[in-house]
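Going by the order they are written in, the chains are A, B and C; count residues from 1 in each one.
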Amino acid sequence: MNRMTRILLALAFAALLATGAAQVNLKVFIGGQQRPDVIGPLLDKFNAENPDIHATFEVGGATSDVQQQYLSTVLTSKSSAIDVMLIDVVRPAQYAASGWAEPLDSYFASPDAQKTYLASFLPGPVNADTVNGKLYAIPAFTDAQFLYYRKDLLDKYGLKPPKTWAELKSDALTVMKGENNPRLQGFNYQGAAIEGTNCTFLEALWTAGGNWRDANGNITIDTPAGKQALGWYNQTLSSGITIPDIASVGTDDSRKMFQAGDVVFMLNWGYAWAHFQSDADSAVKGKVGVAPLPAFQGHQSATCVGGWQWAMNPYSAHKQDAFKLMQFLASEDSERTLAVKASNIPARKALYKDPAVLEAAPQYADFYDVIINARPRPVTPLYPDVSDLIRTTMNAFFARSLSADQALKKMQTGLQDILSQ
Amino acid sequence: MTGTRKTTPYRKPGFWRRLRTGNLSDGQLGALFLLPALLTLAAVMLYPMLTVLWQSLHFNRLNQPFRGTPFIGLENFRRMLWGEGLTWNLSHLLWLRLIGLALLAPLIWVVRRRWLSPLSGIVLAVALLLLSLYVLGFRPGPDGRWTDGRFWNSFSITMVILVSSVVGSFVVGLPLALLANVASRLRWLGRVALLLPWAMPRVFAGLTFAWLFQNQYGVINDVLRHLGFQGPLWLARVTPAIAAVNMTIVWKTSSFVGLILLAGLQSIDASLYEAAVVDGANAWQRFWRITLPLLRPSIAVALIFRTLTAIQTFDIPFAMTRGGPGRSLETLGVYIYNSTLALNIGYAAALSVVLFVISLTVTLVYLRWIYSE
Amino acid sequence: MTGAARRSTQRRAGYVFVRLGLLLMILDGIFPAVWLVLTSFKSENELTRIPITYLPQHPILHNYLDVFTQNPFARFLLNSAVVSIVATLICVLFASLAGYALARLRLRGRRALLTAIVMTSMFPALVMLVPLYRLFVGVEVPGLSQLMAYLHAMGWSFLPTRVMTPNLLNTYWALIIPYVALSLPITTLILTSFFQLIPEDLESAATVDGATRLGALARVVVPLSAPGMVTAGIIAFVNSWNEFLLALTFNTATNMRTVPVGITLYQGEFAFPWAVISAAVTLGIVPLVVLILAFQQRIISGLTAGGVKG
């Protein structure tokens, strides 16, 4: 072979030897919406503290579904390209069943150490991350659905935030009649066939004292509680406090309508608050209040838990180091940074009393009362089928293609079929 | 001296010499020309296609790995296409079935006119017949049910979108192409109008139209309000949603059809029209006798690919309504997506195979039509 | 009215009708794009105002600034351009060769080959995603790998034990190769039908004139099929530019993202900032349309320049 080839081969050989001094490379996968600009510096800090590990991040698509798509491709191929990933709160059960998340119990020093560690987090996310008694993910930040309301309008009519759904309806009607504004909506929520619509249904069901399944595993949707829940939504539509095309309203549509000043009461996630207060063109700045969801007479308030968790790729080549990274990312300091800089609602209880956090986001003090009661959506490996059924049925119900009874029956029999597979 | 030079017998030049001088036989030249395309397709597509076929014969639920991936043969298909308690119910959707039967008559005429060979006619007839088993009234009786009613739902909405969007895209696309070919100074504007819908990514076209169809902030209902009508709740009710999605698909794909037809129009020799004018033909006759027959190959190409993409429709219904109010816009493409998201890989593969078979049948018929001369 | 006068009235009416139709069609095609452009100059709040505003009340340029500051959009444009242009050139080249073969040459099983080519576009890309991903991460080359293993065991231990295809993720080729394969069916079909239109006598005339088979191909066939080639090129280009699924999965490094995937990065999990995204989509479409229009006329005249017409 000629001279050039010989030189190149020698260089390649040398390069091969040089990489022998192994620096462990870790890859963290986050979605486009999870503030890579905040997580980047966190990783830099970790790299500085751990010189033999180099962690970088990879940014995926912006929504839960798109990221799920990508992660399932990578994990089905048993690729070790990713070590740590940020997954939605509804995923741990599926990932556990598919073998896509590494069980973390064995990485703690002892079961007691694990218990103490987890006690510092909010119970809702931890429950979502624990499948069949094993821990599959560590909470990064959390979320829940809140009742947003127009403080100024309620004050004008001498009303307090409603504690029951009936109160909400009468309050909304009072305000709508008084304002005499044809654009004003009394009550807005999500009815499109999106994941959030599961919460629209479950919250009404929970606040009626029911649940999708009872302690013995029977499906309990076509029950008086279910009828009460859907009956309430029928009332919102028939009384006119909700717009008739609610079946096409998604999460951000709701937020935008409220932000334009057209809504009195709204169910939405935590992200909306930052928009209301900080967006340059917000018509509701300083006029927004947050409260726990109302309930039916004689029952407790409840809300859906949201948020994201750190999980480990079981095909990762550096699991111990990955666990170290996860603990760093879930540490109080990191979560404080996330809360302050990225407006992520903290998953650690202590941070709700932390002065730095409260200074940056004083509303978290109000949020705490709501979040402490947040409940997980059905924790089952078959969640995608369950979610698909509930949200499409609710969407059909809001589109008036199904009556309340038909919808309840469909969900009941559908869930029985799914879970009997 | 007459000099008998020693002559060697004529030897055909070798392959490489002939390649250099460009004198290969048809078969060899053909093989050479086809090689790059076929190699690329085989390298990229063969393994995935075979994998999908293989997966469709297995049970594979990623979130239930403890059940393994056993070979189950055609069980996925049985679950998809069959049911229990199936009987003949001739009165169900009688009008639709009569239309289906009525379609057989022009089919027979077309075969008699030799536009389709008898073989293709038979293939098409059998396909139509199988299709109309559902329509002909072989369906679950009072105590029966389809094992997968959701499949038949997605099948029927896919067929609806197929027919309306293919017909619609041609109805809008052909005039568009004709107008963009008119000798006028505004021709470039027509070409831009042809190109823009095609240039927008499907997802954003869907999202944009979802916004345009919105009840409060959407342009379409606003315009209707100015005109004095109360617009329907487009994406929040079943029938308006189907209409809205079809309109969006037609908007997007008529430019695709228009582009292909425009290319076909441009290659028609202008002298043919001049000769026709001299012969006294009016515009309509010129269109019917010259333009349309010469456009036949372009129409065929546009038809094939329009059909293939219409059967696979996913982006626009998904972006606009996530599958429609309830499941009313869950086309086969959306159903496959939902199955994949539900980690039911075996079933998604089986659905894809059904999609493939439908597409193949249609294409075979179309291709015979192109090559029938 | 005399026959001539009637004909001229008809012609004038036809003229007006054509103009009106043209206008309506143009509006129909352009309107949503115009709407997007107008939106990109509005502020978010204006978008949810009732009654809706068509022209921006207080036009702002901030959205376009945001497009470039929130994400490396210029890089996305570059990536899309490289991938699409290369994929289009390769695809049209391969498709022309294949189309000519299928249209002209008397081959056995022509229809079967064409069907096979079209068959590859009958599976939705979604179900082929995992196998394609595996293919581009690196798979064992079947025959070669076993050969290497055998030789390695035989004592030639400096040889590798397996031969894998290279890991092409996060490179341009990871997208170019599949895009060529994805656009080949339609471009081949278009070009086949175009080549069929060209009368054979023209080619034989050229050959008689002393040109070789390939020379005739270049000098006669190509110019006459120019509209078909340009259309095939446009379709391949736009297909590659707008492709989403593979671009999302294969090129995940932020500086290798293409435009459609890049645009989704402006979304929040719930928040959909229409103003910024309209600006991004506009920026994604405009170069496309300008490029195509600018080159379309050039290419057609370039291809027909060397040709013999009629």
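We take it that a contact is a pair of C-beta atoms (placed from the backbone, for glycine too) under 8 Å apart; a residue touches a chain by one contact, two chains touch by 3 or more.
Being a predicted model, the structure only gives us computed values, none of them experimental.
Engineer: With contacts counted as defined, which of the two, A-B or B-C, has more C-beta pairs across the interface?
Structural biologist: Greater number of contacting C-beta pairs: B-C.
Engineer: Report back the single chain whose CA centre is most distant from the CA centre of chain C.
Structural biologist: A
Engineer: Using CA atom averages as chain centres, what separation in Å is found between chain A and chain C?
Structural biologist: Centre-to-centre distance between chain A and chain C: 38 Å.
Engineer: Distance between chain A and chain B based on Cα centroids, please, to the nearest Å.
Structural biologist: Centre separation, chain A to chain B: 39 Å.
Engineer: Any idea how many Å lie between the Cα centroids of chain B and chain C?
Structural biologist: 18
Engineer: Show the residues in chain C shared as contacts by 2 or more other chains, in ascending order.
Structural biologist: In chain C, the residues touching two or more other chains are 47-50, 130, 264, 272.
Engineer: What residues in chain B touch two or more of the other chains?
Structural biologist: 216, 340
Engineer: Out of chain A, which residues touch more than one other chain, so two or more?
Structural biologist: Within chain A, residues 69, 76, 183, 257 contact more than one other chain.
Engineer: Tell me, which parts of chain A touch chain C in their complex?
Structural biologist: Those residues of chain A that touch chain C are 31-34, 36, 58-64, 66, 69-70, 73-74, 76-77, 79, 81, 183, 196, 250-252, 255-257, 259-260, 262, 269, 271-272, 275, 279-283.
Engineer: So in the complex, the part of chain B that touches chain C is made up of which residues?
Structural biologist: Residue positions touching the partner: 21-24, 26-27, 29-34, 36-38, 40-41, 43-45, 47-49, 51-52, 172, 175-176, 179, 182, 184, 186, 188-205, 207-209, 211-212, 216-219, 222, 251, 255-256, 259-260, 262-264, 266-267, 269, 271, 283, 294, 297-298, 300-301, 304-305, 308, 312, 314, 333, 336-337, 340, 348-349, 352, 355-356, 359-360, 363-364, 367-368, 370-371.
Engineer: Give the list of chain A residues in touch with chain B in this complex.
Structural biologist: Residues in contact with chain B: 65, 68-69, 72, 76, 94, 97-99, 183, 191-194, 243-248, 253, 257, 381-382, 384-385, 388, 392-393, 395-396, 398-402, 421.
Engineer: Under the touch definition given earlier, write down the residues of chain C that touch chain B in their complex.
Structural biologist: Answer in residue numbers: 14, 18-19, 21-22, 25-30, 32-33, 35-36, 47-52, 54, 93-95, 97-98, 100-102, 105-108, 110-111, 113-115, 117-124, 126-128, 130-132, 135, 139, 177-178, 180-181, 184-186, 188-190, 193-194, 196-197, 212-215, 224-225, 227-228, 230-231, 234-235, 238, 241-242, 244, 260, 263-264, 272, 274, 277, 281, 284-285, 288-289, 292-293, 296, 310.
Engineer: Which bits of chain B are touching chain A when the two form their complex?
Structural biologist: Interface residues on the chain B side: 62-65, 210, 214-216, 233-238, 241, 321-328, 330, 338, 340-343, 345.
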